[in-house]
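Each structure below appears as structure tokens.
One chain, subunit A, appears in both complexes that follow, with subunit B as partner in the first and subunit C in the second.
Moving on to the complex of A and B:
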């Protein structure tokens, strides 16, 4: 009887406990069980690649492994340390120290750590060799974790445009260049998977719950053509060797569409070896650096004067024989003193006094208006980070001398990109087009996510005024102009030289230090290529320190090679002219 | 007579045993099938996992090879190789402009745009 009562009581207690566990606290325990056995796996998305216009990879991913040791299952730690040290090229002592690391377990006891990172970013081939040897020698505890690193196959080429990434919060984040500006497209979206594990921690694929697949990053195709980039890089390297400027920039643009075909800055750096690179080398000077454009800016002043019909190309302006007093200061012409020059010849001879007089004719507000219409003082809108808008002061801040200085490209801060964009406007017969460096963005499945058709900003000058300018700029690149060395056999070239005295950080100008440049396009009648070559403070040696002698020949060499690559057909008549020119000059200038 | 008959009639309850056997077989078979199905689910899961692993390994291998190709065929690498191994490889000689033959597009002749009949017949010898 008593036994029966005890059994009944026992069963009642167990039944109550069962009800308590299964009914009252069911949610709590099922959540606990789910937490213990269910895990959330992140499926990492691959970062998209960056290619040139022809699909040449500029930034891609390289799979690597992270070598991890679970020291709790290691039996022969000395043998394992020796193998690891040999394959991973690490000092044996360092590996042994890492293997001996102890951690406190959940029970509070200290023991061998189950997760020791031995080395990160181990190449796949090395990891494979290591795996084989470890398997052969039956060593336990080695785990490989999949990872990837960003590689830039072309090293330093196009470094300022491509940019680079940095590891942040476990992922890669674009820091500079296209890697930064297109980060949202490139990074992709990680996927997630909810799954269950058995008591040993192994995944049970049969019990996978919800799964959201990763979306790999998109491929960003640039407008840059690597063959043209290579041409420009090699010519700029040669120029750097010859003239040793503090910095140099060259931009190649297709004027009709605004597509940037090549962009080179010096100094530069290797994208795969960024440690210790000075900030100056990392700067994309084409869009981040401001210079006084110098005489290339005379195109803007002349365009304004012609458009407002204040002058015609044949209007004669007295250039005061090289000395012009205005506002209490004397203005000089840098090459020679000139008497009367037509407006055309003011550009051809690059007369400071002539263009200053055009500026005076225009007046502050009208000149300012045209400067802004050509895009100076605003960002061009190229899809690269960190672009600056330059400096164009409003007329109320101008001094008495500004109206003579600004027309010749002083007291104005412009980026090389703005200068080339302004010249493209003339090449486009007066139409300002936004420069673009991204051609298209394609998803990993091949779907086009975005494409970038040409963007016309505004009409700056009418086509007939642009034609007048083009004919003057063609003469600049003739025997009587300042840029005869910019000629390209077989093509009519239009362009303008620039030689601006460098501004001193303490105010005023530095004597004997110049920013020399040449901006031009070809063929002048139907431009397919527009380029700017700019060098800051070159050491000219026996060469005169002018844009026409330093930058123009570099332009010529680049344009010749680029024209052939772009399959531009030369004009046979101009080829003959070029041949006779070369015979007549016979090494006179070079 | 009647008692003998009764005894003989109750010797084996074949129908019941058969029913029980069928029930046991059904339940047992069902249980075995359930276990087998469960194992199959696990096996398939494992197979799926293995295939996934294999796919990842192949993708990784592909990425490694693509990356190597990109590195070896990059402009930077080719330029370096060209400058370092000029004795081994043929030196690249730039083609000068006077050696380039450009074929001008033929001027269209009147009536050229008209559709004409063509024949594949071989001319008689």
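Moving on to the complex of A and C:
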């Protein structure tokens, strides 16, 4: 019986040990077991799409396959390698090297890798053909993984705005354009699936648990209308053909809301074929490039002088017959000088001397103040990455001649977007509105995540002063103004030409090289459309190298087609005038 | 009393056998050598269970004295079969050990027969009319030397587990037979020394032995034990549910044979494991009580010897899987997959049943008690 007691005691020891293991240390071992079996698997979220204002897709996802081989179940390695290399158009040696890869299993032994990526981004048709052949020949180990690539259905259209993505850490990351600035909305949140695996790494579906579904990216709707964009693109292409400028930009904005309706830059590139595209082509010049705005800037100077009541539109200014000595330099007006001009006519004729005199009247600080109030020197705040603020030097850095140069748009660096924005301020009767390119953001479940109502920045000039400016700018686009070619039948157009000599990289100005532009809005009395056409260094041929001859006709054509698309009501009276103007096309323009 | 013992014994054995089949159905499917057939092990084990039950009921009808008196044949046969393990084409080498022989499509471990032969030998030796158990040469050295020869052949085929089992049982039986304390103790010390030297000499054992003391230093050797502990620990009190164990999915080697106990712990929890421990305790106590009540010394020694063999095997297996003992490849009696061990265990139960059948009946017992009391009374009277 003593032996029986010994046995009973012996088994009591086991019982105690079992209680210790299974009760006291159960949590520890459960955690250890979970750690050993569980693997985390990322379920990639779909990237949201980018659409235009009407829902036309600009960036979307196309399904592709990733070809993966589980080498641990491959039986006929050479045959498989041959099939893979033929279908995927890869060198046979490369496929064989990949197939031969060994990995260390969880038990520490080296063996054929169960996960070898052979090729990524394989189109569906190729994958299907490969699958069929592999099935027919009964080869094992082939796995297709679902993936997607970003495609841009419109190719090069709106390329600078839409931007593109690149593959980083298994996901897509926006590199340029809206793809970059709205990346947080577009990318979505990857889901996670915890699965348990047996020792050979095979998933055990019965033990699948704790799944966090992925949240797909949101849809970003732009304010851009692809019909307008197409109009602008085609007109700009025609202009590029005719004038062969180095670069060109055109922006269409709805002045009251600041919505960008179209944005075109040249040179451009195809978003789907980005290899070897030069940086110049990738640059969104509308917001990333500075130019000296030239005469369009005269609007700012005039606005300041009128607002401060230094002059009225009828005040007469002596324009020195085209030769004005100031600060040891002589300022010229184009072609021929003028005698006395009213302030109104200074804008209409685009007199450099006249506007310089207005600048002198204003003085450094007041001029600088108005320039900044029109938004120059600051980023406009459009929702695109890489915007620059331009350069407006503070008065203490000005030279003696600055007060005569800055009023006519030299010695300042402005982006095309800033110029449009400043003109929109006049169109809005003095209210500066932030230009916007994002209309709304909608989550994958259809709920609106963000919308972008118009943002009023500040009142720059009172409505009366703006009204005075508008009437002057209307005259610019008349027979007596510099931009009669910007005329749009049926609509009163207000606008201003710009012709700036190009600055040389070595300092000073380059003779014979110009940045020509026209910025205008219509209808002048109740503006619905504001546009800027800017061409850098055009080769004019027989046409005079002025904004009024090169940029203004392009504006006219774009505005005519855009007005029709936007269903703007033409004024019947102005339609009649159009006929007479058309006959007089070679009129006095500057 | 004795009737209840045999009832409890059969209940414990039946429960363990049933659990064994159920757990084998749960674990066998995932074993690498299941030949792709999910129920391969279950069918095999059921076949062996049939053989074992036939053996059990046959042996229950054969007088146990037959085995005790025929020990030289059993001894000679087991010695022959042990040597056969080293004969090419008959012996099979698995995992570096030559423990098996192939005969007529069945694989058999001669060490199982050797265990039985040793127990029969000692039962005969100490149950002779000529009482030798207190003598050193005739009552201690010679019988243990004969058992030692079997142990030698077992240990060189690299089966330290079975060898220790035979040794420990033999020592226990000499103790029960009434050997002197100093003989028993000195042999115990020698046994410990022998195991130590075996561990030191056999590199495979060295790793396993120290793995048990320092699992972190021998990750490869401690792997199995560690996986077993994870299985037991993650089962908790109630377990993950029958069939829901994860460690058997190729993480835990020998999940259907030597390491089935952790899988039971994982799937059935503390309830299952304590139930098994309880069943073994019942088995041992009931078996012992049958042996103690046997008709003669041969029955007592044979019964305790067989119960000890099974009990120690169970104890070693439980100790190994709970990391109380170094890793020894011994199956869990009645539960683990493995035909010869199951057949042996059921044969042992059969012999125990025969011992029970021949034991002193209660009527006889009462009669004997009365006789004794009468004798005592007589003595008293005489003294008075």
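Simple rule for what comes next: the second predicted complex is superposed on the first by the 497 of 590 C-alpha atoms of A that agree within 3 Å, B and C clash if a C-alpha of one lies under 4 Å from a C-alpha of the other, contacts with A are read in each partner's own complex, and residues count from 1 in each chain.
As a convention for this text, a residue touches a chain if its C-beta (ideal position, glycine included) is under 8 Å from a C-beta of that chain, and two chains touch if they have at least 3 such contacts.
What you see is a predicted model, and the numbers here were worked out from it, not measured in a lab.
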item	value
First, second, both or neither for A:490, with subunit B first and subunit C second	first
Which superposed partner A:19 touches (first subunit B, second subunit C, both, neither)	second
Partner chain in contact with A:226 - subunit B first, subunit C second, else both or neither	first
Which superposed partner A:190 touches (first subunit B, second subunit C, both, neither)	neither
Which superposed partner A:10 touches (first subunit B, second subunit C, both, neither)	second
First (subunit B), second (subunit C), both or neither touched by A:61	first
Which of subunit B and subunit C A:157 touches, first, second, both or neither	first
Which of subunit B and subunit C A:32 touches, first, second, both or neither	second
Partner chain(s) touched by A:237 [first = subunit B, second = subunit C, both, neither]	neither
Interface residues of subunit A shared between complexes with subunit B and subunit C	204, 207
Residue ranges of subunit A touching subunit C (in the complex, touch as defined)	1, 3-4, 7-8, 10-11, 13-15, 17-19, 21-23, 25-26, 28-30, 32-34, 36-37, 108, 196, 198-200, 204, 207
Contacting residues of subunit B [partner subunit A, same complex]	41-42, 44-46, 48-49, 56, 60-61, 63-64, 66-67, 70-71, 73-77, 79, 97, 100, 102, 104
List of subunit A residues in touch with subunit B within their complex	56-57, 60-63, 124-125, 146, 148, 151, 153-157, 203-208, 226, 229-230, 234, 489-490, 560, 564, 569-570, 575
Residues of subunit C defined as touching subunit A within the complex	30, 172, 176, 220, 229-237, 246-247, 249-251, 265, 269-270, 273-274, 277, 280-281, 284-285, 288-289, 292, 304, 311, 315, 318-319, 322, 324
